[in-house]
Amino acid sequence: MSLAGGRELVAIPGPSVIPDRVLAAMHRAMPDIYGDDLLEVSDEIYAELPRIAGMPADGRVFVTISNGHGAWEMAISNTLSRGDKVLVLESGRFAVTWGEMAAFSGVKTEVLHAPDRCPVDPAAVQARLQADVTHEIKAIFMVYTDTASSVMNDIPAVRAAVDAAGHPALLMVDCIASMGSEKFLMAEWGVDLALAASQKALMVPPGLGFVWAGPRALQAHATADLRTGYFDWSARTLEGAHYLRYCGTMPVSHLYGLREALTMIREEGLENVWARHAVLAGAVRAAVGAWATPGGFELNVLDPAARSNAVTTILTGSIDATRLSDICRVQAGLTLGTGIGDFVGKAFRIGHMGHVNPPMILGALGTIEAALVTMGAPIGGSGVAAAAAHIGGHLR
Amino acid sequence: MSLAGGRELVAIPGPSVIPDRVLAAMHRAMPDIYGDDLLEVSDEIYAELPRIAGMPADGRVFVTISNGHGAWEMAISNTLSRGDKVLVLESGRFAVTWGEMAAFSGVKTEVLHAPDRCPVDPAAVQARLQADVTHEIKAIFMVYTDTASSVMNDIPAVRAAVDAAGHPALLMVDCIASMGSEKFLMAEWGVDLALAASQKALMVPPGLGFVWAGPRALQAHATADLRTGYFDWSARTLEGAHYLRYCGTMPVSHLYGLREALTMIREEGLENVWARHAVLAGAVRAAVGAWATPGGFELNVLDPAARSNAVTTILTGSIDATRLSDICRVQAGLTLGTGIGDFVGKAFRIGHMGHVNPPMILGALGTIEAALVTMGAPIGGSGVAAAAAHIGGHLR
Amino acid sequence: MSLAGGRELVAIPGPSVIPDRVLAAMHRAMPDIYGDDLLEVSDEIYAELPRIAGMPADGRVFVTISNGHGAWEMAISNTLSRGDKVLVLESGRFAVTWGEMAAFSGVKTEVLHAPDRCPVDPAAVQARLQADVTHEIKAIFMVYTDTASSVMNDIPAVRAAVDAAGHPALLMVDCIASMGSEKFLMAEWGVDLALAASQKALMVPPGLGFVWAGPRALQAHATADLRTGYFDWSARTLEGAHYLRYCGTMPVSHLYGLREALTMIREEGLENVWARHAVLAGAVRAAVGAWATPGGFELNVLDPAARSNAVTTILTGSIDATRLSDICRVQAGLTLGTGIGDFVGKAFRIGHMGHVNPPMILGALGTIEAALVTMGAPIGGSGVAAAAAHIGGHLR
Amino acid sequence: MSLAGGRELVAIPGPSVIPDRVLAAMHRAMPDIYGDDLLEVSDEIYAELPRIAGMPADGRVFVTISNGHGAWEMAISNTLSRGDKVLVLESGRFAVTWGEMAAFSGVKTEVLHAPDRCPVDPAAVQARLQADVTHEIKAIFMVYTDTASSVMNDIPAVRAAVDAAGHPALLMVDCIASMGSEKFLMAEWGVDLALAASQKALMVPPGLGFVWAGPRALQAHATADLRTGYFDWSARTLEGAHYLRYCGTMPVSHLYGLREALTMIREEGLENVWARHAVLAGAVRAAVGAWATPGGFELNVLDPAARSNAVTTILTGSIDATRLSDICRVQAGLTLGTGIGDFVGKAFRIGHMGHVNPPMILGALGTIEAALVTMGAPIGGSGVAAAAAHIGGHLR
């Protein structure tokens, strides 16, 4: 017997659950791509995106038909030149991968590893930059939330470290897993370039990348020699023909979907969206805290302040993570994220970004708990009860 | 702040959650209604429906464009005549409403009430029928699961009572809330007529009614004088033109949806569907059991064996059911069923029929628990933990 | 080789082409049926429907979950009593079928046939009613547009005939094929009851019937003895609980679809909708006129003023209608309506009601012409050229 | 009054009409992107795409999340190095634009213009290549069908010219407007690299680019120094983790849509798809031929053998193309393609690629003819009649 015969819940850290409203908006006939209707959709998107990121008024946002890797490429190719050096602040997996992409194009990279299970250490950043007296380092790559480790880095603290070092390197932040789920204030925090993708908390199927460029990134663009035709910022002008914004045919379906997703965020209120994520992530952490036993479940990220509100990586200790996931998926209709990178076979992940609410989070946690009971796994107490109690503390 | 910004969960006892597959199947252009494609869909439906109900081989099933009230009308008008008497076995709300519809057409009705919070008492049925020495009573109306009280009646026991009384009345059973969610064996149990509607465990939006007629019901049809053109069985022949099955234009979108829903049931296996409902309903009951306190929550139905696997009515005692529902809906994205009929203001209901699985049920229960915490309501323990443990006992 | 591999065009006289907007509106999760959102949808529908029909202010409209046959039943059962007599004005096929439904319930019917290929003759109606000195006839059944013959009857002329006869019979008009496509002014024209269904010019999949009752029909309701619970008007009050309007669970998906369709009509303007149908029907007739040869194609309806704007029946003479339809459907992706009733094997039909525009009509006509060329059928000239010229005369 | 109130027909040369089946396939919840289901979809796509292009067995196909410009970039960056020279064979607009993208990355380009309104001249190509005794030219860029001019170039003839010159340059062909609509045999024709995009005859919304690389292109890749991380072929291995194929998160919705579109092509048969396009394009050309008058309409491409089966550019002479398009769109629901590049204000275009059939093509042509009548424009005869006759010659 399987109990899975209901609405499947995919709780991986992206692509996240797409709202029905977004899927419906994408399900439509192709319009005249030269017409005013599509242009209006595009205009709305270009008006909303800067607000989502707290972009400075003299910044610019670019929408590219690609995934997050394409956003990385756009960031790299528009700001860097062959032989430039980038300092990669690793705290999981994805900053390194981004750095590898830059290296492929002839950029020198140096990786500064965060301590195990910890976020980037601002002091270490400051020390490294202070040592770079010739300002060989042109840019710093970091992720806000790393979806492998579920570390959330302290961007303002890193910015302060850069400033304290008096270093001119561009601060470039990958917000793929966090844009729309975690508070992010690009201008106020002094971020020079931020990037994201559609399929996480922005609630649109994969297929769009986003880059927000602040004034210093735009300035670097002027001399970058890695620029390529497809991703080049200069050609992607808002003033000319509509297709220029997308370097060719527009991503019609995705634009309709994205417009709807951004409307949903605006209707809910961005601050409320962030607060909702914080409460629901707190519920997940409360559950893991209740389940935790020596040798059993454990949150990967040690410092409570550095835990992501978008994804949680749970070390499984002696509990068989593969069997847990299999039971959940096959028997109960819940798909969990697997451990990736260093975490293969040692962890699982719960995505809680985007279109999530208490029935979804508590449904996921309750189902995990049921599977733990099935397995006879050691647990300290009811995680789902702790999560419900946590959420109960935030309703009115 | 509201945490509702995710996938809304509507857990009312019908219309239940429609599977994406069914919604997708309904979203299509109108075909040629005289063509073979639609006929094939219709043929599949007429082949599957008898199996769902365990209909005898000499029975017939009718699909009508209507809601459940239309199925009632079809049952009444095809089997009864003005002046006939019907014994209405009430155990909640809906047998009486059905009886009122018959009375409107000139049928005499007598209501036999079940004891409070209890199912129909077979002994009382037997006694009443034995007293009807002239066999004035032509039919017995009862519901299998009453969605107001959440009582599940014991159909075989009532059948045995009728047989023990040696009474020829037709046994007619409303399975609107239970067809597809609770084990039902029309032929084996000696049911003469069963009826259902699309929007409950059959997982299709409201718009279709179903009547399964056994040989004795078909025989009664021959002399029934309440027959009307729209619902008349004789005209709804399977042999003639396709439109005859539906007394006019076919319910095209619903046929596509229903075919898909029946396919899903066949793929899962009807026995597994029933077993799934039983486990998930057990989880709901375990939760209420854990929450229960004197003066607080309580299952309405006293006898564990008479509790429905499709819906649960929970008496709320001193706990404000309206506020509970409001918090769940507005703050958390969960819509609960209200108490109806005698239960207004005294109960709420959880629908757990059709397209349901552990993440949905535990999500609903967890959210209710969160709201109870918010309200500071007295609860005996964690219901959602108990439910997760219950489900854990049925996974492998 | 087949050329059919594009968007299939089904040009049968209903179910007609459903707009994408309507299909999209129907593709949504079930809401709380007790909630305000659905009630608002329902309120909009009940506000729009009277306008579509030009209903008098003291009339009432009823929406029933059924097809058009159910609307017939609702009209019959709410206004008539056993033994009443109905005068059926036949001009094709459907008034007789409606009359047969009444006869099934014990109403006496008398059929007054229109001359072959002609509309109802008002003078004959007047003569028959004048002969009914005892006012045995309680109601007159007629269709506005008959989809078998494609006759459009002159409702005001029939009303004038009834008035001239000084006869009190209710004038009841089946507008199934015409509501929303042909000008209809219930109050101004003195119609006592009108009925329609969702799947024609109202652009919603089959599943809803509509009855507009004027004050005299409502008065007749008070004494009608054919009333049944499901269709009864008195119970379908707008004042009480929402479900009363639909005698049970609301047709949720269809309500969302119908709301959208009515919005589309309002946006376009009802007068424009009528005018659009008149021009496009004129194009179809121009095409047939151009194709016509002795022994070949011919419009069934002889009097130009009596030709429907919703459907056209074309007599095919020596041309093989079945082969024509097969070529169109299998080779070219166009489905035509077949001849029904008296027209089987002698005619085909083109539906041009609801969501139609020049590319659709000219596409259908051009494809028919291509098939005629293929068949080497005798044609007088290019029908599609004539149709294009006709439409060209109405663009600006 | 407007007659537009039906199904809008957008007949621009891409994005073309997306089949309902494809839109429906894209409308689904996000799956586990690490799961087998999505991998299976991906496998099917990678199995079908080589067949569509007649790719040699030792070639490879790459699917990139981008539009056609991204496919250009992928072709350029994987095969060329800074300082390489490309010979651009212009016959409209798009080869030059592709060449400009290469120039942006430091490639030298030389444009060889086709004679006005003519395809690429193979003799001129041969002459130019023979003059390149040092083999400075590393690649030849050409389009198969240019959507601006609607020229269809003779690829085998150009290949023969290259061979006759004994020149080793890679022959790279942009099939964006033609892949799936025109016969294309990459291996047989000796094409080294072909590219396409999803939104034309492949019937999927914009968002995917495709590159088919033959063995010589793959060989060039080994030394190309323009390679970038996002588009790099080596990393896009089929052997490793699924995400590698797409350089990151898969384009989930588009993969589902593409799989469905490729299934439709396979069901119809690729040869039939080509033949269908040829007949329908012939119908468009027959219409223009019938309309043509001195000073009026005229096909842009002079040589009948060089006219595309996917798009037709019509010079409008003294007829006001803007007014024509406005009447069609606003009054009749038909959107035509405008003249672009050199054709602005002098031409309009009809797209007839992908999901098209006689009702669509004849509907478009009939509507254009109606608008011409409205405008009192000079026309030689009925174009739509000629088109219907042409199609009639190809049905059975």
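For clarity, chains are labelled A, B, C and D in written order, and residue numbers in each chain start from 1.
Going forward, a residue touches a chain if its C-beta (ideal position, glycine included) is under 8 Å from a C-beta of that chain, and two chains touch if they have at least 3 such contacts.
Quantities reported herein were computed from a predicted structural model and do not represent experimental measurements.
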item	value
More contacts between chains, C-D or A-D	C-D
Of all other chains, the one whose Cα centre sits farthest from chain D	B
Approximate Å spacing (C-alpha centroids) for the pair chain B, chain D	55
Chain centre separation (chain A, chain D; CA means) in Å	36
Inter-centroid spacing, chain D versus chain C (mean Cα positions, whole Å)	44
Chain D, residues touching no fewer than two other chains	8, 17, 20, 24, 27-29
In the complex, chain B residues that touch chain D	20, 24, 27-29
Of chain D, residues touching chain A in the complex	8, 10, 12, 14-18, 23-24, 26-35, 65-70, 72-73, 76-77, 100-102, 104-105, 197, 199, 205-207, 226-232, 246-254, 329, 335, 338
Chain D to chain C touching residues, read off their complex	1-9, 17, 19-20, 27, 264, 268, 272-273, 275-276, 279-280, 327, 331-334, 355-367, 369-374, 382, 384-385, 387-389, 391-396
